[in-house]
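Each structure below appears as structure tokens.
Shared between the two complexes below is chain A, which pairs with chain B and chain C, respectively.
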Partner chain A sequence: MMDVIVIGAGPAGLAGAIASANSGLKVIVIDEFIKPGGRLIGQLHQERSGEWWNGIEESERLHQEAITLSVDIRCGVSVYNLEKDGDLWNVHTSIGTITVPFVLIATGAAEYPIPLPGWTLPGVMSIGAAQVMTNVHRVQVGKKGIIVGANILAFAILNELQLAGIHVDRIVLPEKGPLSGKAGEPEEVMKSLLHAAHLAPSPLLRIGSRFMKNDWFRKTGMKFFPKNGVKVNGTPLLLRKAAIEVIGMKQVEGVRVADTDANGTIIPGTETVYEADFVCIAGGLYPLAELAAVAGCPFQFIHELGGHVPHHSETMETPLEGLFVAGNITGIESGKIAIAQGTTAGYSIAKHAGKCGAVIDEQLNQAIQNVRLIRMQAAIQFNPDIESGRRKMSELWEKLYEKPANLHSTQKLG
Partner chain B sequence: MTRIMDHPILGKLNDRKAIPFTFDGKTYEALENETVAAALLANGIRTLRIHEESGTPRGVYCNIGHCMECRVTVNDQANVRACLTVVEQHMVIESGKQHPTIVKRMVEQQ
Partner chain C sequence: MNSNEAIVVCRCEEVTYGQLRTTAEEHQCTAREIKLRTRAGMGFCGGRTCRIPLDRIIEDVLPNVSQGDIPLKYQPPIRPVSFGTVGEKND
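Moving on to the complex of A and B:
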């Protein structure tokens, strides 16, 4: 019998599998995609040091390490349910039910969609879809594209599309509305981009740094934002244009846009059409946590973490015995954080399994410290208030699941 | 669409065997170990199905298995996600078709 099933072969899942296997546990990893690595395999950006972060190489390194430790990795397998049965978990997959004492859910993130008229036309895709098609499958998504939505992920993938020789013609905002929220308000978008630039003058943001670092823009805000936009790595970023509709008969032919005021309200009579053969919708990421919900794990909405996240401790435990989480399911952060969290979860599982005696406490403690260190050193944050989000979860955990340290002595005195 | 043969950071595309498959009765070539979605796009095909009720075209949206927009029929198995399925030799792939909406038509006629 297996000791641990890891759901998701991304950075968190593979790192978790490695740490568990390293501690002597038998581990199986399940993933729906055709190869291991998760969304890490799409990532490609230059670090502050000038070195390239090549997600394919990083994934391969983790994959090889897991194989060396005899981790059983199954790709192309879906998990559709999991349930507790006594001390064990039954995990129902497309290759049958796997019964284990420990489950690590590392399902990562998905993208918030921003629906707009015409978005079902072939050629409209999430920005992540374009990333995977480009860097993983190496097929061009089109000749001339428009990105709808301006955020860190969109800029990172813009850069990747350009590296692959794909022309992104313009970046516009989604139309303001209940489904786009702040992503459709130029002033708010500008604020978040400036915040990101302030936090991370990294090569990733070098693409827009000239305008982002400019104090004049900070002070004057959106009022004087150039109508023709500012260039981000050569591509005009049009914060005062909103995408109203994707047009085309059988596939994308263009995007109808209109000018907006600083709040994102459409200015009537300013409509125009930009031609394009593909459109990427960049709505940002949210934790992909359905399986934790199916398992019965309680959730909390924490905006800074990207949405609803399962309750979890810093040791990556959930309130459900034997169920652990790691990576973007716990909050949207970088692949490096996911690896560090995965390692933490892996040692945490080993500790619960009674492996490795005193050493495991030291390993687990170090892994937790490592997560904090990497977060501090991070060149880029999806959400600049990530620390505050993490703190909220850890306070919640303390309040709900940890007994006060002096509880026993108090009782004795009573 | 074109394949990205040469990439400044990721290097050249590995030499891979070309394998034949059919889509809606026509034969195309995929590269070994690539998904149905990638192989079809590389052959210039964006429309993977039409909506069951409205008949409007649909293609790949998320490309990683969440959105279910890219469902096709593979070797007679319906509702298979093109973005998660590896093309195999002589695979028979059919696009999703419009379904009859008899009740709706009846209601409309009343």
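Moving on to the complex of A and C:
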């Protein structure tokens, strides 16, 4: 019998499998995609140090390390249910049920759209789909594109499309309304982009230094935002234009936009059409927590983490015995952090599986420190208040699940 | 605003923004009820695509949703599977 099943062969899952296998456990990894690596295989960007983060190489490195440790990796297999059976977990997959004492859910994140009229036309895609087609499948998504939505993910992928020689003509905002939320309010968008200003040395976010660093800009805010936008890596970012509709007969032919005021309210009579043959909607990411939910894990909505996340500790345990989580399912962050969290979960599982002694304690401790360190140095941070989100979860964990242990130790003292 | 009524929010079941808003307003209902009334989120993708827009529509009509619960409950199977697979007959 296997000791551990890891669901998801992304950076978190592979790193978790490696740490567990390294501690002598028998590990199987399941992923529904055709190859391992998860979202890592779409990533390509430059770190603040100037070094390139090449996701394909990183995932190959993790994959090889796992294979060397005899981890059994199965791709093209979906997990559709997960249930507790006594001390064990039954993991239901498209190739049958696997029974194990320990489960690591590392299913990552999903994208959400901002629906607008015409978004079902061929040629409209999520920004992540453009990334996968470009960097994974090497398919050119189009000749002239428009991105709807201005966030960190959009800028990261804009850069990747440009590196591949694909022309992105403009970035505009979605129309303000219940479906777009803050993403349709120019002031709010600018605020969140300014939060990323400390990343400005990174070529990834070289958002016209005039715009990002200039105090005058911060003070005057959106009022004097140039009509023609500011350039992000050469592509105009138009915070005062909203996409009203994607137009086209059989496929995308363009986007109808209108000018807005600083709050995002449309100014009547200002409509124009920008021609394009593809449109990317950059809504955002949310933790893909379906399996933790069907397993019965309790959840908390934490905005900074990207939505509803399963309750978990810093050692990546959930309140359910034998169930662990790592990576973007615990909050939206970059690939490097997912690796560090996976390593933590892998050692944590080894410890629960009875691997005891100073070595495992030291490895686990080191892994936790590493997550914190990498978070501090991260080149891509999807939410500037991530630290506060992480703190909320660890306080919640302490309050709900650590009380008995504390009582126990004070009793001992007394 | 009128063209927005026709936006397809749930693509699997082709449910529009207008239908969802009207249902939420008329019945002042939970995510689950809106799902059962309109079939939004019940299609092939299991609601992975429209879940957040659905939450946002409900939040807009009925603010102060509980922070602890996922508004639209997940149900197994979370991926489309054949009866054969569920019955563990894999040929």
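Basically, the second predicted complex is superposed on the first by the 395 of 414 C-alpha atoms of A that agree within 3 Å, B and C clash if a C-alpha of one lies under 4 Å from a C-alpha of the other, contacts with A are read in each partner's own complex, and residues count from 1 in each chain.
As a convention for this text, a contact is a pair of C-beta atoms (placed from the backbone, for glycine too) under 8 Å apart; a residue touches a chain by one contact, two chains touch by 3 or more.
Everything numeric here is computed off the predicted structure, so don't read it as measured data.
Once the two complexes are overlaid on the shared chain, A:S94 sits against chain C while remaining clear of chain B. Contact with chain B, but none with chain C, is seen for A:K250 once the two complexes are overlaid on the shared chain.
By the touch criterion stated above, A:A340 is placed in contact with neither chain B nor chain C. When the two structures are aligned on the shared chain, A:L40 is found in touch with neither chain B nor chain C. Judged by the touch definition given at the top, the superposed model places A:A110 against both chain B and chain C. Of the two partner chains, chain B is the only one touched by A:I56; chain C is not. Once the two complexes are laid over each other on the shared chain, residue contacts for A:V294 go to chain C alone; chain B is not touched. In the superposed model, A:E32 lies in contact with both chain B and chain C. In the superposed model, A:T120 lies in contact with both chain B and chain C. Once both structures are placed on chain A, chain A residues 32, 110, 113, 120, 288 are touched by chain B and, in the other complex, by chain C. Put simply, chain A touches chain C in their complex at residues 32, 78-83, 92, 94-97, 110, 112-117, 119-120, 177-179, 181, 245, 283-284, 286, 288-291, 293-294, 298-301, 307-308.
Every residue of chain B that touches chain A in the complex is listed here, in rising order: 1-5, 7-10, 13, 33-35, 37-38, 41-42, 46-48, 51, 56-67, 69, 84, 86.
Chain contact summary for the complex, chain C toward chain A: residues 3-4, 6-9, 11, 17, 46, 48-53, 56-57, 59-60, 67-70, 73-79, 81, 85-86, 88, 90. Put simply, chain A touches chain B in their complex at residues 32-34, 39, 44, 52, 54, 56, 76, 110-111, 113, 120-126, 128-130, 132-135, 137-142, 163-165, 250-251, 288.
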